[in-house]
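Chain IDs A, B, C and D follow the sequence of writing; residue 1 opens each chain.
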Amino acid sequence: MHTLDDAYREFRRDLHRHPEPTWREFYTTARIVEELRERDLTDLYVGPDALSTEDRMNVPDEAEIAAWEERAREAGADPGIVDRLSGGYTGCIAVVERGDGPVIGLRVDIDALPIRESEDADHVPVAEGFRSEREGYMHACGHDAHATMGLGALDAVLDSDFAGTLKVFFQPGEEQVAGGKQMAESGHLDDVDYLFAVHVGLDHPSGEIVCGIDGFLAVRHFLAEFEGAPAHAGARPEEGRNAVQAMAAAIQNLYAIPRHADGPTRVNAGLVGGGTATNIVPEESFIEGEVRGATTELAEYMSEHADRILESAAEMHDCEVDVATKGEAPSATSDAALSAIVGEIAGSTDGVTNVVESADLGGSEDATFLMQTVQDGGGLACYVGVGTDHPGGHHTNTFDVVEDDIAVGVDVLAGAIHRVAETRP
Amino acid sequence: MHTLDDAYREFRRDLHRHPEPTWREFYTTARIVEELRERDLTDLYVGPDALSTEDRMNVPDEAEIAAWEERAREAGADPGIVDRLSGGYTGCIAVVERGDGPVIGLRVDIDALPIRESEDADHVPVAEGFRSEREGYMHACGHDAHATMGLGALDAVLDSDFAGTLKVFFQPGEEQVAGGKQMAESGHLDDVDYLFAVHVGLDHPSGEIVCGIDGFLAVRHFLAEFEGAPAHAGARPEEGRNAVQAMAAAIQNLYAIPRHADGPTRVNAGLVGGGTATNIVPEESFIEGEVRGATTELAEYMSEHADRILESAAEMHDCEVDVATKGEAPSATSDAALSAIVGEIAGSTDGVTNVVESADLGGSEDATFLMQTVQDGGGLACYVGVGTDHPGGHHTNTFDVVEDDIAVGVDVLAGAIHRVAETRP
Amino acid sequence: MHTLDDAYREFRRDLHRHPEPTWREFYTTARIVEELRERDLTDLYVGPDALSTEDRMNVPDEAEIAAWEERAREAGADPGIVDRLSGGYTGCIAVVERGDGPVIGLRVDIDALPIRESEDADHVPVAEGFRSEREGYMHACGHDAHATMGLGALDAVLDSDFAGTLKVFFQPGEEQVAGGKQMAESGHLDDVDYLFAVHVGLDHPSGEIVCGIDGFLAVRHFLAEFEGAPAHAGARPEEGRNAVQAMAAAIQNLYAIPRHADGPTRVNAGLVGGGTATNIVPEESFIEGEVRGATTELAEYMSEHADRILESAAEMHDCEVDVATKGEAPSATSDAALSAIVGEIAGSTDGVTNVVESADLGGSEDATFLMQTVQDGGGLACYVGVGTDHPGGHHTNTFDVVEDDIAVGVDVLAGAIHRVAETRP
Amino acid sequence: MHTLDDAYREFRRDLHRHPEPTWREFYTTARIVEELRERDLTDLYVGPDALSTEDRMNVPDEAEIAAWEERAREAGADPGIVDRLSGGYTGCIAVVERGDGPVIGLRVDIDALPIRESEDADHVPVAEGFRSEREGYMHACGHDAHATMGLGALDAVLDSDFAGTLKVFFQPGEEQVAGGKQMAESGHLDDVDYLFAVHVGLDHPSGEIVCGIDGFLAVRHFLAEFEGAPAHAGARPEEGRNAVQAMAAAIQNLYAIPRHADGPTRVNAGLVGGGTATNIVPEESFIEGEVRGATTELAEYMSEHADRILESAAEMHDCEVDVATKGEAPSATSDAALSAIVGEIAGSTDGVTNVVESADLGGSEDATFLMQTVQDGGGLACYVGVGTDHPGGHHTNTFDVVEDDIAVGVDVLAGAIHRVAETRP
């Protein structure tokens, strides 16, 4: 195809109207599962069957999960499916076996962001009536398009003479780098020989395909909670153990972790707070922050320094600190053998006007967990970029995709999957 | 009297049921004015007529004010009076002229605190059915008793052969040290020759009178709002101007303002926060804090240092900062000539078992603005402590007063006012 | 006497020409001992016999001690005496027993400061030819006068009908608050019933006597030495463990130790340094600092916080820190019973024109160790101030004393000692 | 040649025995000029004639310069030449014109380091008797070899049929990145069409030639001097303006300058200090530090942030700060057209066993000023690495070069100069 078929368009718009954040993708998963059930699949793993259920990161509290579950039901999601996702175990995996051949995976992510979508009349979802119906949440990074590509590529492979096994991973919780690890550790990646992942946009225009994206910054999100003791700031300042002083000492020194000669590192104290009132020595404070590195080792270097700084800043002011990891992703590299195949296919795909061998993401992504699992098992992995003219930047309230570019992505991915099954590079 | 009359008891309990914070004392002021209208007053100044209306500190936003105004109406406050308080100009001044004599003032404060009152069955307001009806707010510092003492003392003076002028100042906004300055600058203090202020409790037991309280820490509450520029913490950290780094540098250095040889100083960054998300360089942050000093000069010393630190911390990280004063009170000293009279009266007052010459507050209070205005004009001022066995500490959710101690306070204050009018010390 | 006798004048000027710092008072001690040997003493304890030799603080290195020892010999100090002071065990104690009576102590300090004395022709030691012959060192705090008073008071008591035991403590190392502890723990204070200590000047003019000085700030001097690891700042910044970052974090937070409601506290990072070259990540750094408190408890509060901050600042940057106490003194209070006697005597002493009951030192002094030892043993102690018109402030290069005021001090001290022996207050 | 001739060996060892730091290369320059005078030069520019004399960075004080000048004379340097270098204007430029052809430059640096040379018997300069005679200083970076290569290459070109102009730049003050700017701005680079610079070692073994070195970090050395006001830390802490607090705030925040997405940056507070005594609030402090960047723009980014931080840290503690640039170098890139020629020549040079196309310096070098000047004028520049088995690392006390590798360097450089004159690439 070259123009996106109406069925896929409707499907993408339905997801766009129902954006759901990490571990709350009830409606989204249910809609995907409903579609998949109509296909001739070998296996379909839903929710807890598609994930490792141990040590999930950044799980919202029960009330929050229940509220989104309820919203999904109200919006018409299949109650039986929603039941299977209970506790926020979202996402699913579709498997088709077609004769003798390698196991090939395609990973797409499905979650949305806490951004209020633009009401501008020029914003296409507004103009065409599929603006977010979850006020304050939005598909501002194209994961609605990704889920659609996953479905489209599955259909294209099913329609072909593909010989092998295809697994499509509909992964939850990418935006908080919390879902990738759970899916990577589900066991379903263990026999995958070749893995593709995909992203739209990334400042690449419509018609451009990036064959292999690299430059993933390994990342760790953390939440540090400091606890001291309150005191009346006028009457008994010495009785306080000041959690805000501890927090400030930590912030100052976090940003001052030494630069590393092996490559870029990052650190940010992105959301902080503490104390209760002007005249009370603050008992509590927190830092929600992150560290990153161009390699997994560099991120670990930053993480170790951050832990030590947080711990000693607490101790410095006689406070306690609890540091929890809220999200995580390693670095990864696309294998040239796979991206070469993507380049070949893209070169002869309608709608592709420019083929770029490789580009850097310059950010973080937890597809890397899945890529790493496959590569550690001796397989190959490749992260493909599908250009699209997005009016607003990623994570802004006017982000949108050109829907026909979804069709281009489907053609490239399905073509590459087919070729890989044939050639086993 | 020696036991509190039922009318006063009911009045106090009515106020206790309707606690209202700074600039939102609509019901409280209305109830006081309703009572005062029944007295034979020379003058009654209400709301904006009782205050300087310029440069009010810490005024809530309009919606917040409107909500409390509405609550007051719903609770049955006289709509005409509430109208006169529009915009949050709360408080009032009662004036009685009785022949030739000095002008004597009595200042009582009327506002409440953002504390949720205990539901413990042993807590008297629970047991006797007058627990706060404003969830999350409470008279946890006895200002309901103070307002009642103001009314009681006025009645006692009216009942006596007092010769002179008595002004009773029902002051709003003490808890945020925001109301004292406005009332002090209203002009109504300018002709006051002698001023009394009063506080219950302060860890002095029932039966104890403190003739003159000193040791008021001069104080300034400030709100510093930092503004920088956001950036993606992974992709473009250098484009950020980090308001959280500015805040942290300020906090570290605020607490490090040099100690002063002339006396105690204090500083606290009591409530702080900043940033929006883990991966965004923080654009905004704030510090709600305070500085104090044993004298007004010491508080100014701290305040100047704090301003310079906040300003240069912002500049250090290429941010802007706006520093606003949210509350303020100078230091003050009780005049011995007045406290001597209080001691004399207290010594022969029923219910008084212990007379203490003086004690230190060790905290802050904006009655000092009124005291200072009177003293600067050549008059005398005295801050009187009326002991009461309070089960919980001040500003805790089980604070309460022994109501009969209100009667003791009324006797001492009215007696002292009468004696001062006679003796003009 | 009323004018200082020439012998004492010469003695004082000899000491003034040979100023010696802590644990290096070889010439000074030798000259005192030479003088004492000419008196009819019961006992004379020199050097290690006058001190506890355990855990001496702030002892210079051997080469430094040897150099001063050599200078003393060259200046004509008795070699036998200098031998007994070997290792820098300086100072001495003179004891006279005269029949039945209490044991009374007089403590004077004898060390000098690392200050280069003024060469101004108006500076009396220049004009009269007794300027310091130890370039860079100076008696800028009057300890030359104190030693002379000790000798003079001893002589005056010997000349009187005094009945009891007098011990004169010539204490080394006061300026670094290092000598007092050693002398206090020597055992020689254990039987002292009454102790006097004395200081000239302190901004009190000639003719003024302060009967009992209080307000000694308890103090601890510390040296914190940080050790990390060096690295090339351009090529391998991550390999450094930055001792200067640790030092900076410590400094920021030391000054921010919470103020204490019980009284004044102090902290200072007075001499700091670190690193070797612009392009090397600093391996080493140090802080020479101090904490003080109005009471011994307050100084301990500061000291505990300082230790914790130094330790965690080191840990924060993966460094080690070694914190050593270099000097120490507790707080103390003059006993009113003794200062009353000083007041009585001063009131009838020639040359005294003003008697001040008490005054605050507002600084630190390790006479307090001796005072505390006596007071802990049930005795009384009193620190006396002898006014003098000093042209420059204490610890400045133009400090000097009016020599006749030494005679006034001797009369007051000897008189008080005599009276105390009679009255046993 | 292939083995270094004795004359060059003697020359190199003479320089090695007389290591001289930045702006103090009196003996070194004199010896070079003496040699050059024996050649048939077209021009010889010495000292101030070889440099821009404006805004020299990091000039030692007069006494220091005079002392080194005197040492040079005593060691037998030609007094007339030393006179021409008066004031520390060291270095020289040799010019030979040989018919029609391009202007080709060769830059070698001549200064030494403040490192005490090893006395180990295995250290060749010890074993062969040419250890440093300037205690505490050492040619620990091979600039003695560089100067010798400059002379050798000049001789080789003079011996050839070279047609064109050759300028050999004997540059002072590289180690403090202070001399390059002055020579670059002398005017003598303005007509240079091709420039070579050279460095031995850099962890490349004997026999290896690096044709074009890149990866120069742009750098700025700065000295920040803070000035506040002293005060007695016990008696009057509030009167101090604490230069050590300002320094500590600056250090904390310097290291926390945001990382930059465009490439590596560096910052170091390498040598810091402040204060005078434990009990004095510090009046003065300083930071000797540096910032670097992979590009000149990145170094400027760091420099601007550093300046702002230093300024506002001073202001924060009511201090003044003076920030001076003590050394500076931009980044630069070797031109491929020149390094290709170096590769060609090296490939056929005796003694060369390995030719490396390019490598990163990963440090800073002020040859970049000269390279930039030539490149800005439309010329080409290339920085060549000549491998040598150096036993100790650069800037360590056992650094040394294999002297025959100097001969290899001479052959490669002279060969490349000759070829460039022919081919004008």
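The working rule: a contact is a pair of C-beta atoms (placed from the backbone, for glycine too) under 8 Å apart; a residue touches a chain by one contact, two chains touch by 3 or more.
All of these numbers come straight from a predicted model, not from anything done at the bench.
K.L.:
With one step meaning two chains touch, work out the least steps from chain A to chain C.
P.N.:
The distance in steps between these two chains is 1.
K.L.:
So which has more C-beta pairs touching, C-D or B-C?
P.N.:
Contact tally favours C-D.
K.L.:
Please report how many Å separate the Cα centroid of chain B from that of chain C, as a whole number.
P.N.:
50
K.L.:
Which integer distance in Å separates the CA centroid of chain C from that of chain D?
P.N.:
From the centre of chain C to the centre of chain D is 52 Å.
K.L.:
What are the residue numbers in chain D that touch two or more other chains?
P.N.:
Chain D, residues with two or more chain partners: 235, 237, 242, 245, 249, 252-253, 255-256, 258-259, 261, 266-267, 281, 362.
K.L.:
What residues on chain B touch chain D, complex-wise?
P.N.:
235-238, 240, 242, 245, 249, 252-253, 256, 258-262, 281, 301, 308-309, 311-313, 315-318
K.L.:
Provide the residue numbers of chain C that touch chain D in the complex, in ascending order.
P.N.:
Touching chain D: residues 217, 219, 221, 232-235, 237, 242, 244-245, 247-249, 251-252, 255, 266-282, 285, 288-290, 292, 326-327, 362-364 of chain C.
K.L.:
Can you check the complex and tell me which residues of chain D touch chain A?
P.N.:
Contacts found on chain D: 252-253, 255-256, 258-259, 261, 264-267, 362.
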